[in-house]
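Okay, so chain A shows up in both of these, paired with chain B first and chain C after.
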Partner chain A sequence: MKGQRSGPWVVDASATSGALLVLLMLWAVAAPAHASAPAAESATPTRSMGTDSSTQTDESEDYFHWQTVKDLVGSVVAAAVGGWREGNGGWRGLEVGFIRGVQEIWVIFGPGGKLHPAYFLEHFHGHIMVEGVLLLIIAYLFLQSTFKPKPHREEPLTDKEITQLCKEWQPEPLVPQVPEDDKVHSRIISSYEDKYVVADGKRALNLLSHNFLNLANTPEMLAVASTTVQKYGVGSCGPRGFYGTIDVHLKLEEELAQFMGTDEAIIYSYDIATVSSIIPAFANRKDVLIIDECCGYPIQQGATLSRAAVHVCKHNDMADMERIMIMVEEEAKKEKRPLNRRIVIVEGIYASNGNLSPLDKMYELKEKYKYRLVVEESMSFGVLGENGRGAVEHWGLKPSDVEVVCGSMGNALGSVGGWCVGTTEIVEHQRLSGSGYCFSASLPPYLATSASQSLCAMSQPEGKARMAQLRKNAASMRKMLANIPDEDIKMVEHALNKAVQQVIQ
Partner chain B sequence: MAHKRTPSYVNLNKNTNWLSTPAVWAWYLGTVFLSWLVISAILDDAGLAWTYVHLVHGVVTYYLLHYCKGGVEEDQGKYDLLTFWEQVDSQVYGTRNRKLFTLMPVALFVLATHGTDFRKQPLGLNLVVVLVLLIAKLPALHKVRFFGINKY
Partner chain C sequence: MAEPTGEVSPPFITSLMSFMLFSLVFLLGWIRDTFEGYKGTTRKGYAPLREPQEDFYQRRVFSRIKDCYNRPIASAPDAWIDVLDRTNLCHSSGFKDLKVHETKQHCLNLSSYNYLGFAAADAYCTPQVQATTQNLGVSSCSSRSDAGTTPAHEELEKQTAAFVGKEAAITFGMGYATNSAVIPALMGKGCLIISDQLNHASIVSGARASGAKVKVFRHNDVEHLERVLRTSIAEGQPRMNRPWKKIMIFVEGIYSMEGEACCLSRIVEVKKKYGVYLYLDEAHSIGALGKRGRGACEHWGVDPADVDIMMGTFTKSFGSCGGYIASSKAVIDYLRRHSPAHLYATAMSPAAVQQVISAMRLINGEDGTTRGQDKVKQLHDNANYFRRQLINMGLHVLGDWDSPVMPIMIYHPGKIAAVSRLCLSRCLAMVVVGFPATSLLLTRARVCISAAHSRDDLDYGLSVIRDVADMCMMQYGFSSTLPPPAPHPTDPESVLAVDSWGSYKDWGNIALQDLPPQQVALAAGHQREKETSKKEERARQSKGKEAASLNTRSRKNGILPDVNCNGNGHALDVDSHALMSSFSKMNGGLGIRAGA
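Entry: the complex of A and B
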């Protein structure tokens, strides 16, 4: 846009000229101390100009004469010379002469003087000229055409160019050619049996799903889901704010909040919309986000949508995170920006590489630099922690130490959707600002009851046993996979099969 | 015949696109006129009332147009650094709405100065107000902040 400059230059120039302008205006409108006699005499109740034509014609003849200028200059010089004589010559004379000269200039230019704008206004229909100028300005602005923003203007295509483009155009095939390597050879799964699948007629261990605690599709859950479908039907038919809130949603939210030990919880109907809605709800253009480089797609999307300044820190590298925090603080101090929100976003267990994030060190860092922490516990809920509460519990932090904890219900809970727990403020804010909450249909009731059922199962000794078994399996798997050289895929496959056989036995 | 593509200028900024709805101008002009009527009834002086209208209009429009930033819309703070005047009409200058807002102080100034005797009204104050408002609306001062005032 025109006039969009930066730096101190413009400010200084404008400030000086602005100050000069103000002084000019004050000078121009200063009322003369001895309100000029001729004008005062002829003042009418409503108008003070335009009636004393007799005095005006005489003066107007004189005003624009060289004689007037000579007279004025002469009077200044005379005053200066008189002053010099007063001071008896020498330095004192110069001093007094200078003062007298300046005083005479002020008499001419100051309020009441001949060259003061008020004199002009009062004696020569000056106000009419000013108003005329203003009317001309009004007319000019009125008749000025609208500027069109130039970047948007495009050159229209000529006929020749159109013909050329049409000749060159080749239709793309509806179904593009896929190279043989990229083709997916799917296996047909005919049935699920607990932790096995029957694929292409062969029975195989199911390592496809994230059913960590094997709670999905248990007979209890299926029974609960079936009853719910009988009672409520399948869909919820609306977003949470418009007749889509059902008592099973509220029950699940209460149970989650109680399980995690926080004030409240909120449910989202789509797993990856959870963290993508939470981040824009708490961050905007002015804010700063620090995300780990291995954070997954939903977190990246949320960061983009929030329009905040995103800094990516090296994977699990606390020194790098501290460096970024220091850099942000310095920049903010330098630009004297007002205080903004600063948030660190990590995952409990990273979905891309299975690493844990060091939440204990991260907690110290965020407390030191006054950041808020968001932990995404999709992979770690039901997996880490004494009671399956996730990475926060695993690292010994209290629920109140982490501002926002969220995750998906599609992994350990064996349902669909997402959840978020926190203080009342955090959760209630999301009810109006969480896009995925406000603008999507709510979770189908049978999925909510299934999740409730899983949560219940997790809290019981049976659930604890499942978690213990999961941890044991994970540990043995890691031990056995640790020694595999990763050159040959076939060798790895073979070793994997062997390892898995050992695990299930 | 050359193929012309008509670009569309849709103003999605909910903070300011209400200015293009019908009767907004009439509402604005009507408010100013009504306030003149009320003030002239209170003061019993129609001419001097224009001065008051001019001054009050100046202060109010300066605050609303050149001091208030951002707006009511939930837009991740997209316009939080732009004053209302800068946001109007997708930041394009020379549009009708802009001309109306630029001309109003000038027109009120002419009415105020013409309305009553020069000595009865604070001519200097009227002039200062109209000049400040005109300068604030210049395209050259788009996104310019003096001394860091009102920057954030």
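Entry: the complex of A and C
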């Protein structure tokens, strides 16, 4: 029975407080009778010996007056001595004295006496005090949760048994063996010259890199990077908070904000840490997220890390999104939840399938149901929109219409890292709450200056020409791929299958 | 064997004062909010962007000391940095209220993780980095699995594996992402993560994202770790009561906010006894610990084979960016297939890759000199010298010998701003850390020592710290429980090491007559300098900034003798140690160069 609490102390709090309430009522009824008692009994002449006069005359308001105590002791002694004398020093006299003493005490403690509770009640607002204390106790007991005995626990394991269990335990291998044909063998790229790469020693057209505007690795950028490395070294050797903020970071942030037409911008040192830090900074357990089912890994991780309620909506399906929004609202109403943060998270262009998010319709929805919108523009920045500001511009929205816009510097900007733009409040909040920003070393300065370099090129008219060319190229490639006759595709499929079978054999 | 330094707790009066201070600050903030009528910028019908308490804390509490953080610099984070001046505009919103100016201040840098001094341009590394930039560019704009793998990446992974003593390695472009993207790939539902209480945020977020159960053991307490481990194995998974699939212990080589090295050898014993896995985060210890800079394993004499996953970053000792995981070939193959950071994130920039390769080559001595090894030795000498002097000053310093990170306990949160601003006004850039990064009462300043610091720099830093510690009353009267530095377990010359440490105590007692004549003259010169500068010192205290920048100028112009550097400014002999130490003793370590 170890660990189980039992015995007289296990009582229901409500029963106790009920009992006390009854007690309080009884007290309230009984007390006036007591209070009136001294008035009735004050006339009874039970005083004896000379000492009692002071007891009567002393009407001081002090309850525990020293005089009262002295009187008490004095009258008892006097009664005893008097009795002793009266009985001529015999035992009987002492008996009489004792009885008188008791009488004396009764005068003080009995009804009408100074140490009788009724006296206290009458003279010192005692009534209110006692009732107040009782009420406090009742309130305290009401506020207690009902005590429930814990379920019976089993005997704890002995040390020997634990050792035995530890010996028996066998862990799984750290990782399962990766089958040979499932291993990732990356091609080794030994050169990136313009649109070509040398992959595994072969020169090939580069259709892998996200270098959309061909601004990465231009001679100008390489020169800037080399100069920066000479001046600032390679790494920044510290997080932004602790002397890791370098002037080139501030410059890039300013330029980004200017380019995107927002109040402020913030840069992260890696792309997958960007959105996965932003989401937990703006959402926690109480909040609601709606993410598109085709969102990539960083968004998924961010949603997991935030611990918010995540609703996945069908890909680009606004009706489904509205359904979720209505559902969330109804649920909140039904359960009378306090207002929480609600966020929709989408990608400008989905990295997994190349589709665009219909931001115009999404904007209407999010305004209607009071959601905030996070757009991940890794793939759309520098690609969509007249000025290359991305999907927000493409769909004709103002920069202020979308709360958080973020993306990677590894694509159109041709550098490495992540960025986010928004209002001052949005950005400054991340500087203290974005864990990938606070707890990581800042972006190497040369990557910041490289990004500055391409941002500068993008805002030039020549940059706009590049974007136009990119859109043209994309459209023509799309057309060409669509025009491949079905039999050609089948032929390729057949050839591939054959090759796979050969490999298996 | 360094034992855990035990519970750190502030003196009673200090904690009382701290609570009073916080009550006052909160009360004042509340009054201001009430009478200034602060209204958030939230749109109607939307929940506020920040939690009300968080918002209040940032506007009314943190904004008071905002200028102590995020100070921008305009130079490489080397031994000396140029800190840009800022002015406070005092907006009630607490946002954007620091204006950055063009003017800058040349400060001694005791804040960057530039342990081996690779932060600035290096005669060996930088040309190689620039050459790689020309060949492979700044960025491949592609993930590692697509078109981001260059010969440099391949070489780096091979070299890293060899450097830490493992079979294979995989690299990522950011240290934080290494942890937060690899842990979910390794651990999952039904697995147990046993993590040190003070592990870095990246491990915490990785563990949280993995979906595994996380249990925490008391910081560096191996007995507690064992207790947690035993009960966990015995109990199995919660509710299901099935045995755990995998259990992994997560520790760091050096804890960045404590400066303590984890008791790796004992943790490895426990790990072997129960057959669990061990994940060692060497973000701060790689390059910094161990005689050859190979990290915690070398420092503790542990076979790297006993550590299942060795993680580390290139940001600190190697002066680059990114992180690595070194382990068996099977694990690395698995990570290449399953880690999202390998599949989706932009590959590490080739220039950053080359910086690490060159730095490692230098440490390995592949450039044909001992420069790399000298750097490691210099780092340990610097760190131990600085730690000894701080302890002698009566400051409460956390951490272990050889660790380049040394937190100095401030305790009282009200002193954060004072310490940071006073140091900056005396041309010293030092990090101060308070709530919420540490607990409310364990406020601290943190010093990071670099091999790039000369003994002269360190003495200057010490004099400023002594000055500031006096003004801020930071000597709390803790006696250090740190035993004298232990010899390296793997060091065959450990006897020699003990001897050289043994003489440490006596450094302060070297009399002038024991020194060679020219050094006596030098010392006497310093003494005179100090006497004549007393008046100026007073003036300096009132106008600290100006005078301090004067110092810097004079040190730049070479007015002050550089006694500590022999030749290349790296290796130091014991004589110059002794000399400098005796200088600092004679002058009380304060204002040596005050009036120079």
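The rule is simple: the second predicted complex is superposed on the first by the 291 of 505 C-alpha atoms of A that agree within 3 Å, B and C clash if a C-alpha of one lies under 4 Å from a C-alpha of the other, contacts with A are read in each partner's own complex, and residues count from 1 in each chain.
As a working rule, contacts are C-beta pairs under 8 Å (C-beta built on N, C-alpha and C of every residue); 3 or more make two chains touch, one makes a residue touch a chain.
Keep in mind the model is a prediction, meaning the values are calculated, not measured.
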Does the superposition put A:I162 against chain B (first), chain C (second), both, or neither?
both
Touching A:L135, do we find chain B (first), chain C (second), both, or neither?
first
Which superposed partner A:I326 touches (first chain B, second chain C, both, neither)
neither
Of the two partner chains, chain B (first) and chain C (second), which one does A:A468 touch, if any: first, second, both, or neither?
neither
Does the superposition put A:R341 against chain B (first), chain C (second), both, or neither?
second
Per residue count on chain A, the busier partner among chain B and chain C is C
Using the superposition on chain A described above, determine whether A:Q301 touches chain B (first), chain C (second), both, or neither.
second
Partner chain in contact with A:V73 - chain B first, chain C second, else both or neither:
neither
Between chain B (first) and chain C (second), which does A:Y232 come into contact with in this model arrangement: first, second, both, or neither?
second
Does chain B (first) or chain C (second) touch A:R187, or do both, or does neither?
second
The shared contact residues of chain A with chain B and chain C are 157, 162, 280, 284, 305, 433
Residue ranges of chain A in contact with chain C within the complex:
157, 161-163, 165-166, 169-172, 174-178, 182-184, 186-192, 197, 199, 206, 208-211, 216-217, 221-222, 225-226, 229-238, 240-247, 249-250, 264, 269-273, 276, 280, 282, 284, 287, 296-298, 301, 304-305, 339-342, 351, 370, 372, 408-411, 414-416, 423-426, 428-429, 431-433, 435-436, 438-441, 443-444, 446-447, 450
Can you check the complex and tell me which residues of chain A touch chain B?
1-5, 10-11, 14-15, 18, 21-22, 25-26, 28-31, 35, 43, 45-49, 121-122, 127, 131, 134-135, 137-138, 141-142, 144-149, 152-154, 156-159, 162, 280, 284-286, 305-307, 336-338, 433
Over in the complex, which chain B residues touch chain A? Could you list them?
1-5, 7, 9, 47, 74, 76-78, 80, 90-96, 99, 102-103, 106-107, 109-110, 113-114, 116-119, 123-124, 127-128, 131, 135, 138-144, 146-148, 152
Give the list of chain C residues in touch with chain A in this complex.
41, 45-47, 49-51, 54, 58, 62, 69-78, 81, 83-84, 93, 95-96, 100, 109, 111-114, 118-122, 125-126, 129-130, 133-142, 144-151, 154, 173-177, 180-181, 184, 186, 200-202, 205, 208-209, 211, 229-231, 233-234, 243-247, 274-277, 308-309, 313-316, 318-321, 330-331, 333-337, 340-349, 351-352, 355, 429, 431
